[in-house]
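Labels A, B and C are assigned to the chains in the order they are written; within every chain, residues are numbered from 1.
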Amino acid sequence: MKSPKRASGATTPKGGAKPKNGAGSNIAPLNDRERVQLFADMVQIREFEEQVHRSYLEGLVHGTTHLCQGQEAVSVGAAKALRDDDYVTYTYRGHGHCIARGMQMEPAFAELFGRATGVCGGLGGSMHLQDIDRGLIGSFGIVGAGLPVAGGAGVTAQMNGRGQVSMVFFGDGACNIGAFHEALNIAQVWKLPVLFVCENNLYGEFTRIEHTTPFEDLVKRARGYDMDAVMVDGNDVEAVYRAIAPAVARARDGGGPTFVECKTYRHRGHSRTDPAKYRPQEELEAWLKRDPIDLYRAKLAKSGVLSEKDAAKIVDKARDAAGAAAKRAAAAAWPDGNQNFTAKMFA
Amino acid sequence: MPVQEMTYREAILAAQTEEMRRDPKIIIMGEDIGPSGGPFKTCQGMYEEFGALRVRDTPIAETGFVGAALGMALTGYRPIAEIMFADFLGVCFDQIVNGIAKHRFMSGAQSTVPLVIRSIGGGGLRFGAQHSQTGESWMLSVPGLKIVCPSSPAEAYGMLKSAIRDDNPVLVLEHKALLSSKGNVDIGMDHLEPLTGPKVLRPGKDATIVASLNMVGRALGAADKLSAEGIDAEVIDIRSLRPMVIGPIVESVRKTNLLVVVEEQVQVGGWGAEVVSQVVSEAFDYLDAPPARVTLPDYPLPYSPALEDAALPSPDSIAAAVKSLI
Amino acid sequence: MDFVVPKLSATMETATVLKWLKKPGERVKLGEPLVEIETDKAAIEVEAPADATLATIIAPEGAKVPIGAMLATLDAVGGPAPAPVSAPAAAKPAKPIPAAPSAPSVSAAPAGPTPVPSLQRGAPIPPRVLASPLARRLARESGIEIAALTGSGPHGRVRKRDVVARAGAQGAAVRLRTAEIARPATWSGGEALSAMRARIAETVTVSRRTIPSFALDRWVETTALREARKDLGAQIERETGVKVTVTDMLLQALADTLRGQPEMLERLVEAGGQMRREGGGAVDIGLVVALDDGMMIPVLRDLGDKSLGKIARARRDAVARVRAGRLIASDTAPAPISLSNLGTGGADRFEAIINPGQSSILAIGREHERVIAKGGWPTVAPGFHLTLSVDHRLIDGVRGARFIGALADRIEFGPWTAA
C-alpha cells in the first residue's frame, strides 16, 4: 500500500497479469506484425487526440472534450483481446476506445465538430461517440452510468450463448459511485461475461485519489464482490493484452466477470478547459517519461521489430491522416434544423 | 376471442406471459419476481414457465438492473423491468432520464431501445409518503420516453402488450389500488390497446372531466353524483401522458365548455397543468369558465387513514369542482 | 387532412380558386375563411374545416377545379383532426352575385373582429368587461354588445347563458359576403359599427348601387281581410295553436298572386360576367323581421299552395329562429321577393330596398282609415298602401302594374280560406 501523501514518482504497479485459474497460459504470443499493429494503433489514437486538441484551439470543437493521451495502451491492448461481436461501453473520455475498435476518423471528427456527417449526425458530440455496428454500444457522460448498461450487454451475451463478452471502460472516479457497485454485484451474482476495465489515472476529475478513496489499488473494490481481479501496468500495451486476454477467454467460457485495473496517467487535463495545475510537476514528468508509445517504440526498436525510421514513418502517416480527416470533416455541412427529430428519438 | 372478467393484476400477468411465450427475446427483471411471483403477484408462475435466465430476480439495485435493461435493449433483447414501488423510480432516475430516454437520440438513431419499465404506485393504501407516489409527473418533461397509465384491467392488458411490442422505451405506471379491481378483458395474442390517445368513458354534455389511473373510477363516481343533480358530465381517461394527445379533450371541451382535470399529483408540476394549458390554447373561445384542477395538497401524502383519504381527490370533491364552474 | 372543393349548390360542378386568404405555414381556426372560390353562381369564401395549419396549397389562384378536388392539405393541430363537434358547414350555400345575406349557425366563426379602441401611451385603460371567452365569441357573432349585458358568473362575469338569453330576445347577426364590393370603410369619429349594422350597411349599399328599381304604389281596403282574419284566425288558432297575423294573410295573398304571374318569380343571376334570368322556381318569399338594431330576412319556402295555418306556423318558426340566432339552411335560400310589413308603424307608405339577389320587395304601410269613393259615393274604409319596388332590368312597368293590381284584388276580394 503506497503512502497516500507521496507526491512524486510514478505508481509502480505490482507487475504483470495475475490471473486466477492459470488461464493466461492459453493466450497465443503476439507475432511481429501484430506488435507493429499495436504500435500503429496507439499512434493513431495519439495523433487523433492531438488533432482534436489543435482543432479545439481553432474553434472547431464545441463545448468541451476529454482527451486520453497517455492512456492509449489500455484501449489498444484491451481491444486486441476482443472479437468483432463483443460489446464495448466507455465514457466521455472515449475517443481512444472508439478508434481502437475501428471507428473511422473523419466521421469521428465530424461528430466533434457537430456536423451532419458525424457518427451521430451531430446529435451526440464528443462525449457520446457511438458505432453500434462495431459493438460500440454507448458512451456515457454520467460517471459510472455505463457499468450497469454493460452488465445488460453481458446478460445478452450470456443469453446468446455464442461466447460474446461485454467490456466496459471507466476511471478511478467511477469506483465510488452507486452504479459501479450495483453493476459489479449483479455481474458477479449472475456470472455475467463482463470485463470491468478500470483506467486508474489517479485523478477523479481534479481530485487525487487519496482524497476520495480509502486506497489506491482499486482491485480491492472488486475483491469486495468476490470478483476475480487483475492489476496491470496500463502503459505497457502487451502487459495489458496479456492481463485482459485470459480474463476475456474465461468470460467466454462462462467463468464470469473480471475486474482489470490498469495503472495509467493522462497527459493533459481532465477536460479541454482544465490546465491540470493540481498535479505536481514531478509526478507529471515521471509519467511522461513512461509514455506508452515511447516505451513501446523503444522496445520494438530494441528487439529489431520496428526500426526508428519506420516508426517515424508510421507517426507521420498517422499525423497526416488525422489532419486530412479533420480537414474533410471541417468542410462538412451542418445538420438540418428541419429534420425529423421525432424519428431520431423514437423508432 | 374470449372476453373474460379478470383483475388488473391478472391482466398484467396474462399480458406478460403471453408476450414472453411469443417472443424469446423478452426478459423480465425485478425484485422478488422469480419464485415468489413478485411482491404484488404480477409474475406468478412465470419463473416456473420461463426459467431463471428469462425471469430474473435482482438484488435491490434499481440503478443496476434498470441500467442493465438499457444494455440488453441495445443489444437485441426486449427487457421488462418491474419497479416495486413507483417511488423507487427516484433511485434509477439517472438511468432512465439521462440514459434510456436520451440514448437513441444522442446516437443519431443508431440504437433502438425496446424496453418496458413497469412500476406499481399510487396512494390510498396507507403505505406512507415514500411508497405512495404514482410517478406520473416525475418524468413528464423528458422527451424520448413514453408514459402510459392503465386505469382498468383491459387497459393494463392491452397497453402492456403494446408497450412490450413498441421498439421504444415505455414507462407503464400501474396503480396498486387497482390491482384487485375487476373488468372485462378481451383476451387475444394480438389484442393491443394503443399507447396514445385519451378515451371518452362516459359521454356527457355539461362538463368535461379528465382523469388517470385510480382517479378515473372516482371521476365516474362523481359523474354519477352529478347526474342525479341534472348535470351530465363527460369523463375522459387520459391513458397516456407522453406523448399527450389533446385532440379528443379539446373536442370534448368544445362541446361542454367546462373542464375539470383530476390528478393524483400535487398541483405544481402535475400533468393536469399541461392539459389545461393546451386546452386553453386550442379551445379558448369555447371556455365558459376557467378550467379547474383537483389535485393532492402540497405536502407529502400523510400516513394516517383519515388524513390520507382527505388528501386524495374523491367523487365528492370532484363533483364539487364541477359544480363550482356551473 | 385534405381540404377539398365543397359542393355548394345543386348545379355546381367546378370552381375557380380566386384568392388564398392564408399562406402555407399559417394557422387557421375552425370556421375561419381560408380561400375564396367562384362557382357558377357566386364568389364564396370557404371556411377551414378544423383548427389547423395550412400545409401545402395544391390548387393555386386561378386554378379551375372540380367538386371534391384537393385544394390544399392541412395539418390539424394536436394530433388527428377531430370531427367538428358543432359541425358548421365547410362553406356557406351558394349565393348569386351580389351575394344574398346568409346567416351562420351560432358556433361558426365571426365575420370580422369588432373594432377595439387602440391603447395610446398615457391613455386611461378602458374598463374591462368580465366575460368568458365563449361568451365574448358568441356575443361577437350575434352582434350583441357584451358591455350591455349583466353577467351571472363569479365577479359579474358574463357567461354563455347571459348571451343566449339576450340573443333570444334580440336575434342573431347577418353575414354578407361579396367578392366584388369592397368592405365598408371604418367610420371615424363616433363609435364603430356593430357587426350586424355593418353588414346591413353593406347590403343596402350594394342594392342601391347595382339594382335600378322603380316603385309602384296601390292603396288597398282591408275590410274583408279583417273579417277573414277574425273568423279564420279563431278557427286556425283552435286547431293549431298558432295565432294568425295580417302578415300571414299577406303572405298567402302574395303567394297566390305569384302563382298566377310566375314571371314575377324570375331572378337575375350573374355568372361568368353575364346576366342571365333564372326562373321556374318555387314560390319562396323572404320576410323582413325587425331586430333590436337591425333586421333579418329569412325565406319562407314553397308557399304556393300552403294553407293559412301552415303559413302562419312557418312564419312563426322562422321569426323565432331569427330571434334566437339559429337559422337553418333553408332560411338563407335564394328567393325572388320579400315582404316588409310596417303596418303597425307610423308611415303611410315607404319604399323598401330590394334585397340583392331578389327581384322585388313589397312594402306594407300603416293601416288606417281613409275616405274613399265607392260606386260614386264617399265612404270610410280601413286599408294600407302596398308599395312594390321592382328591378327594372327584369320587370317593366306593365308587368309590375299588372302584378300589383292582381295582388290588390286578391287582398280586397279574397278568397280567404283556411285551406
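Criterion: a contact is a pair of C-beta atoms (placed from the backbone, for glycine too) under 8 Å apart; a residue touches a chain by one contact, two chains touch by 3 or more.
Predicted model, so just to flag it, every value in this text is computed and none were measured.
> Which interface, named by its two chains, has the most contact pairs?
Pair with the most C-beta pairs in contact: A-B.
> With centres defined from CA atoms, tell me which chain sits nearest the overall protein centre.
If we average C-alpha coordinates per chain, B lands closest to the whole-structure average.
> Indicate the whole-number Å distance between the mean C-alpha point of chain A and the mean C-alpha point of chain B.
Centres of chain A and chain B (C-alpha means) sit 41 Å apart.
> For chain B and chain C, let me know how many angstrom lie between their CA-based centres, rounded off.
Those two chain centres are 53 Å apart.
> Using the average of all C-alpha atoms in each chain as its centre, how far is it in Å between chain A and chain C?
82
> Can you list every residue of chain C that touches 2 or more other chains, as numbers and ranges?
In chain C, nothing touches at least two other chains.
> Could you pull out which chain C residues touch chain B in their complex?
51, 76-83, 85-86, 132-137, 153, 159-160
> What residues on chain B touch chain A, complex-wise?
Touching chain A from chain B are residues 27, 53, 56, 58-59, 61, 63-77, 79, 94-95, 98-99, 103-112, 114, 143-144, 146, 167-168.
> For chain A, which residues count as touching chain B in their complex?
Against chain B, chain A makes touches at 87, 89, 118-125, 128, 130-132, 137-138, 140-142, 145, 147-160, 166, 178-179, 182-183, 185-186, 189-190, 341, 343-347.
> Contact residues on chain B for chain C in the complex?
196-197, 245-248, 250-251, 254-255, 257, 278, 282, 284-289
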